[in-house]
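There are two complexes below, and they share chain A, which is joined by chain B in the first and by chain C in the second.
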Partner chain A sequence: MKPVRFDYAAAPDAATACSLLTQSVAAKPIAGGQSLGPMLNLRLVRPDALVDISRASDLRGVRDEGNAIVYGAAVTHAEIEDGAVPDATPGWLASVARRIAYRAVRNRGTIGGSLAHADPAADWVNVLTALDASVVLTRSLGTRTVALAEFFTGPFATVLAHDEIVTGVRVPKRGAAARWGYWKFCLKVGDFAKASAAVLIDPERGETRILLGAIEKPPILLSDASAILAGRMPLAAVVTDVAPHLSYDSHALHVAALRRAIALATASGEVAA
Partner chain B sequence: MTALTLSVNGVEVTRDVEPRTHLADFVRENLNLTGTHIGCEHGVCGACTMIVDGRPVRSCLSYAVSCAGADVRTLESFDNDPVVGLLRDAFSRHHALQCGYCTPGMLATAFDIVTRLPEADETRIREELSGNLCRCTGYVGIVAAIRDVLARGPHARTVEPVARGVSPRAVSGWTDATKVAAGDAATATFAVPVPERIDGGQTLSRSIPVPVSVERLWATLQDIETIARCLPGASIERINPDGSVEGAFAVAIGPMKARFAGTAQVAYDASSRSGTVRGAGGDGISRSRADGAIRFAAVAAGDDASRLDIDMTYKLSGPLAQFGRPVVVAHVVDRMLGEVAANLARVSEGGVATASAPIGGIGFVLGTVLAMLRQLLIKDGK
Partner chain C sequence: MSETNGKRAGVGSSVLRLEDDRYLRGRGRFIADIRLPAMLDVAFVRSPLAHARVRGIGKPQGFEDKVFVMTDLDGVQGIRADSGLPGFRSSVQPILASDKVRHVGEPLAACVAESRAEAEDIADMVSLDLEELPAVVEMTRARDPGAPLVHENWSENVFLETAVDTDFEKSVKDAAVKVKRTFRTARQSMAPMEGRGVVAYWDNQAQQIVVYTSTQMPHIVRNGLAGCLGLDQGIVRVVAPDVGGGFGYKGILLGEEVCLAYLAMKLKRPVRWIEDRREHLTGNANCREHHYEITGYAAADGKLLAIDCDAIVDSGAYSAYPFSACLEAAQVASILPGPYQFPGYRCRTWSVATNKPAILPFRGVARTGVCFALEVLLDSIARELNLPPEEVRRKNLVRPEQMPFVNITKKIFDSGDYVECLDRAVTALDLPAIRARQAAGEADGRRIGVGLAIFCEQGAHGTSVYSGWGIPMVPGFEQATARLTPDGGLELRVGVQSHGQSLETTLAQVANEVLGIAPQRVKLVHGDTALTPYSTGTWGSRCAVMAGGAVAAACDVLAGRIRKIAGHLLQADPESVVLADGMARAAGSEIALKDIGAAWYLRPQDLPADVDPAGLEATQGYKTQRDTGTFSYACHAAVVAVDTETGAIEILDYKIVEDGGVLINPMVVDGQVYGGAAQGIGTALYEEMRYDETGQPLAATFADYHLPGACEMPVMTVDHMQFPSPISRFGQKGIGEGGAIGPPAAIANAVNDALAPLGVEVDALPMTPFRVLAQLARGLNKSEQAA
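On to the complex of A and B.
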């Protein structure tokens, strides 16, 4: 199918994009368009206008802030996969990027676009929340930074205002002592995950985080992470407790994801191959 | 129309295009380069994969206007390319195609594999091919052909970092002329027959205590005007003499928005203080459809207390169902159902319903719910 007719403007920078969005309540920002594109083509999304931010100069860079790296929102998955931008972690981001959809999608899809789209099953939504990343949001009125744990408000929903865009993604650096495990279950390579879980153990920063993802609503950071890692809490009960809405099959998959992610993070410390 | 200049197969071309024209349509319709095939048109099948700035992309998910200044290569430009020459030959020898529909996309992806991943083994090749669907070959021949060409490598690869900016001078404001008709079209109504039963539907239930007598709750349930106010996003356009109701409900699932217009039939059973609403609605623009049935009952629970039981069976079909995954929809519907039940209870007590437009994000498939709910409102003629 073809999208409904829409007006289009490519923004040279974030300020212009915000200004264009302010001028039309029915305009939508688009970056790589790999998630919005199918919805547009199927006419499930019918904007009057699109503001293309994929080539905005200030969304394409990467900035090292010392203890964190800020990725421009329009950095593509493929650029992270290829190491064309520095990795804030010991290779974890590149490993995750390589398994997002397909290469042809990764060449256009962006890290900021994925977060703004807020599909509960998307890799960055879950992985970056587990890594305690935050997003830099910009609108004509100013800029704010929001932790991802507070950014998602529902499936496909975020705190973004209509005329506000994600301009950057701040990912805390993780050193060689940190351990990580991410596991997702997909029916087919490149498909959206049916279940996922992530485990971060960072002794340098004193952080232990366990995340349950792909639950059709924003991911959940489990309390009692240390007790779970110590094996003091049955995983099936943990999953039931935080996600009682999951079906029997889905519950089983999430328990498996949790178990696999914990194993990956606590065994040799190697990233999921 | 937007003026677009880009390089296609090494030649600079300038055309006026509609912004909604995707790259595959642009090269096929405007440039007559029909080597690119279009399959699913929503990023699933990979048939339209072509090379942009040296990289494979889904051309159906790349609007032509977003490729201003890009270097686009279609299958037609690979006639004399040595690597694609090897691939073409290997595809023939290994029977890597039968009907040939997926082949242009397969060759674009294969070109990426053999130039980017010289060490790829069969597992990696299959992983990389996962975004290109072939219904004829079972992939065995395709994988063999790619391995064959890899074994003759390494093959040269020239890919520059992508640095296509946008000139600030290129930006103008919005033009009124292109403000379109999405809104107008959305108000059109479509008659959808109400099904007798809903096969494969999901059912959700709610039971909510109401601190009023069962008689009062029952009276509320029969007041269409009041009930209408309890249903977010629902609107009634007409109540027909036969008791059926025409109306619509608006649905928002994140960026996805639909307006289901249709009919509903309501039946009450005074003896059991219960009723049924059956409805069906279509969203013509997205060709999506919602079917729903609500059963509700007012149950006595003491002198001045009662209980409202609602259960709802719903089914979405068409593109919206594809994107509104079942659990997401259930989540939204359940939340909606809770809101409606709470509103009905509040109104029974003499309060005011919390008016709410379809809730973006959470409101997803409220539509579905609304559909049913709205029918709740309706009273049949008997």
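On to the complex of A and C.
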């Protein structure tokens, strides 16, 4: 399959990208092209113009805000994996990046593109929500910051307006005392997760977050995190409660993911069946 | 025997591949690399429905001359591949469907434009008026009374039904156990790196239609093309350029080939079509789908008494040319007994028609499914009898002193020691250590299991075997031409086609063995009907044996003629002349082959008076001494860990012991075995094209159709046994497919061994985590009921 005919423009910066996007309702931003490329070829999307933001100078940088790091939307998975940009966490982002797809995909795929694409199974969608990250959204009219927990509105759907782009991803810093567990189930290396869960325990900030991901819709932050960690709630029931739509096997995989992410974060090391 | 730079390069040497330079640098010339002036691109409009009546196909306004439907293809006939077996129901596969579509992806119209993207734009605008019909999707329901008919003039959806019975009733009387199982293998999509593709143009000088196509069998494609186009075969030239993998996917006459050839003649411009992955996956998932109901009868000591099997093969909508819709099932019935001996056998097969793509033989053909069914059944019998699985196999395997052995379906095993093969695999695994580890349990809670599979692979079987299957193509003598060039090099011409098998290297090694010419100085010409002897092509593990034998035979003749001239020039007895290192040597003196070449071509005045006028070029035909095939065989042994919480299976260890007879190039054979095993692991654990109840394929990209990648491959070891075949030229046996046969059975047995304490068995491929979880749930329900 070949894409439909489209115009192409590379935007030097975010402002130009936004103004180009306002010119046609059928225009679309393209970053790494790792999700959009296949969709173009399958003609699942038929834009009349692509605005390439992968080289926009202000989307490629990283800013340290003291208690958080803001990543430019066009920072690639590979740059995070390689430590070419600072890690807001004690190495967690790098280790997540390393297990996204394959290196060839990571060389081009971007953190902003991944979030904008909003695949419920994608790593950044789940990991960054668990880490309480937010996105900076920009359009010609102005800029707003939205917590990821509010950003995703459905599978492959976000609050982004047509002419609005993700410019930055703000990730709160996590110190040495913080604990983290992320576990995903893939059918093969490079496959999208069929189930995932993430656990954050940050005593410095007094935060405990448990997330269930890859549930065919945006991830869910579990409300009784402390009780779950204390082992007071049977995990199978927890999963059924928040994701009753999952099939038998998907449910089993999510229970496994939850249990193993908890084990990783609590460093009991026991991820056994 | 001969040497090149002090190193042996003949039969048995692991010389580096001559093909590597262009392949590894990405400089091969594949179909999509061919650019002809003024070439047009073709995109096909394909059926979105599995079964529908075609009420109309609307050409978009202004593009009428760019869109072709069946009625535009004057005089073109559909593809027929009838079997001569009694009761076979015949189908005609239209080049472009015009009255009915019978599977998703079936071509309805061809659109032509300056680029593929523009051709797809036109295809997008073609309107289809289709009346959807109920589809036949599930092979086990295809014969239900009242099932919709794929072909309305048939009485039921069955291409062919077969039955064999050898002493069945008599043999089961004293059985201590009777174990019955149902197995199924998934429909797969063979996935060569390069898909299909065709470039066709009219050569006005030669007055020929030239069809470049990514095929395994150019001569057979020419037969079929000429037939469908109603042309003399002399007007049709088929060329296979570099072909990026075949595996059976390219062992076929394509409707697209017929259509492109017609369009090239009609438009008088080159046309091309390159299959994309979406067409490939949605329209051409076409192999492996079997269903078995199989019962084994055994004595208390594990001795097999009889096997009874009802097998269904989902043959899809049409009989594909040339292998037909029933090769697969015919093979099921004839090879099910595997390498075992037992007195009673009954097998019924049904090649059923469904609204899916026509089945094609994929590497291993029916053996992968058959081996899975039989070997997993054997382990169930072993568990039932409380015997170790290796013990049950040892009891029933054909023994070396029985060779040549004629089995219950009259297959003639040529040579080998199957028990030794099994024992070597068991030793390589260190079975006692695994059993001890198993008893101790894993720290991470996973369950360990070990599984064996032993099977044989008939290769290079010829006329007597294929004539019995009644298909349109029966192989006979294989031919090769050898020509000494004036500068002492060698040109070989063969009708088989190398598409990853390294034939440019191995056939050069065969020539080196006979003529002593360095492989680097041997040029293999293949893949072009205008330049090579006729051949049925590359399939059925036949090239090393058949083309190897033919090349050796042609080189033998050439060697005799070279010796004669050399004897004359060296003033020695021609019989005493030794050919090695590009030289002819006798009586203490030597002459370079280039001087012999020069004598024939440039200085005939130097030749002996009675020189053979046929010169330094010879064509010879070759058959094995008996054309019933060589039998390579192997034992695959797997250790797996099963995570019962997620259903995930990890292969911890994988050992292969195989006997390919004398190996022409052991390194190439290793590559064949590893590559095959990777595909077998795909069959075992990953690959599956699912269809919904309306016949819609549920994967359109590799994101949904899972192939194993490098990360999914365990570290494997291959141990070669090398019992020579008594019927082939050098003792070589066909070995190209075996790697793909064993893994599903070995891995399933390992999984079942791991899960045996839970009373759970897997019985369907691929063994995805979802299937394993479902089986576990079923097993748990069962034990709850029992409690």
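The rule we apply is simple: the second predicted complex is superposed on the first by the 267 of 273 C-alpha atoms of A that agree within 3 Å, B and C clash if a C-alpha of one lies under 4 Å from a C-alpha of the other, contacts with A are read in each partner's own complex, and residues count from 1 in each chain.
Rule of thumb we're sticking to: a contact is a pair of C-beta atoms (placed from the backbone, for glycine too) under 8 Å apart; a residue touches a chain by one contact, two chains touch by 3 or more.
In this text, all values refer to a predicted model and were calculated from it rather than measured experimentally.
By the touch criterion stated above, A:1 is placed in contact with chain B and with chain C alike. In the overlay built on the shared chain, the residue A:154 is in contact with chain B alone; chain C does not reach it. In the superposition on chain A, A:120 makes contact with chain B only, not with chain C. Of the two partner chains placed by the overlay, only chain C lies in contact with A:187; chain B stays clear of it. Of the two partner chains, neither chain B nor chain C is touched by A:111. In the overlay built on the shared chain, the residue A:42 is in contact with chain B and with chain C. Touched residues of chain A, counted separately for chain B and chain C, are more numerous for B. Applying the stated contact rule after C-alpha superposition, one finds that A:252 touches chain C and leaves chain B untouched.
In the superposition on chain A, A:57 makes contact with chain B only, while chain C stays out of contact range. Judged by the document's definition of touching, chain A residues 1-5, 38, 42-43, 188-190 lie at the interface with chain B and also at the interface with chain C. On chain A, the positions that touch chain C within their shared complex are 1-5, 38, 42-43, 185, 187-192, 194, 248-249, 252-253, 255-256, 259, 271-273.
Of all residues in chain B, those touching chain A in their complex are 2, 18-20, 22, 25, 41-44, 46, 49, 52, 55-58, 60-63, 65-66, 68, 108-109, 112, 126-128, 130-132, 161-168, 170-175, 178-182, 185-186, 253-258, 285-288, 319-320, 322-323, 325, 327-328, 330-332, 334, 360-362, 364.
Chain contact summary for the complex, chain A toward chain B: residues 1-13, 16, 20, 23-24, 26-28, 33-34, 36-50, 52, 54-57, 60, 76, 78, 84, 101-105, 107-108, 117-118, 120-121, 153-158, 188-190, 215-217, 245-247, 250.
On the chain C side of its complex with chain A, the touching residues are 115-117, 120-121, 124, 276, 278, 443-446, 643-648, 686, 700-701, 703, 706, 708-709, 711-712, 768-770, 773-774, 777.
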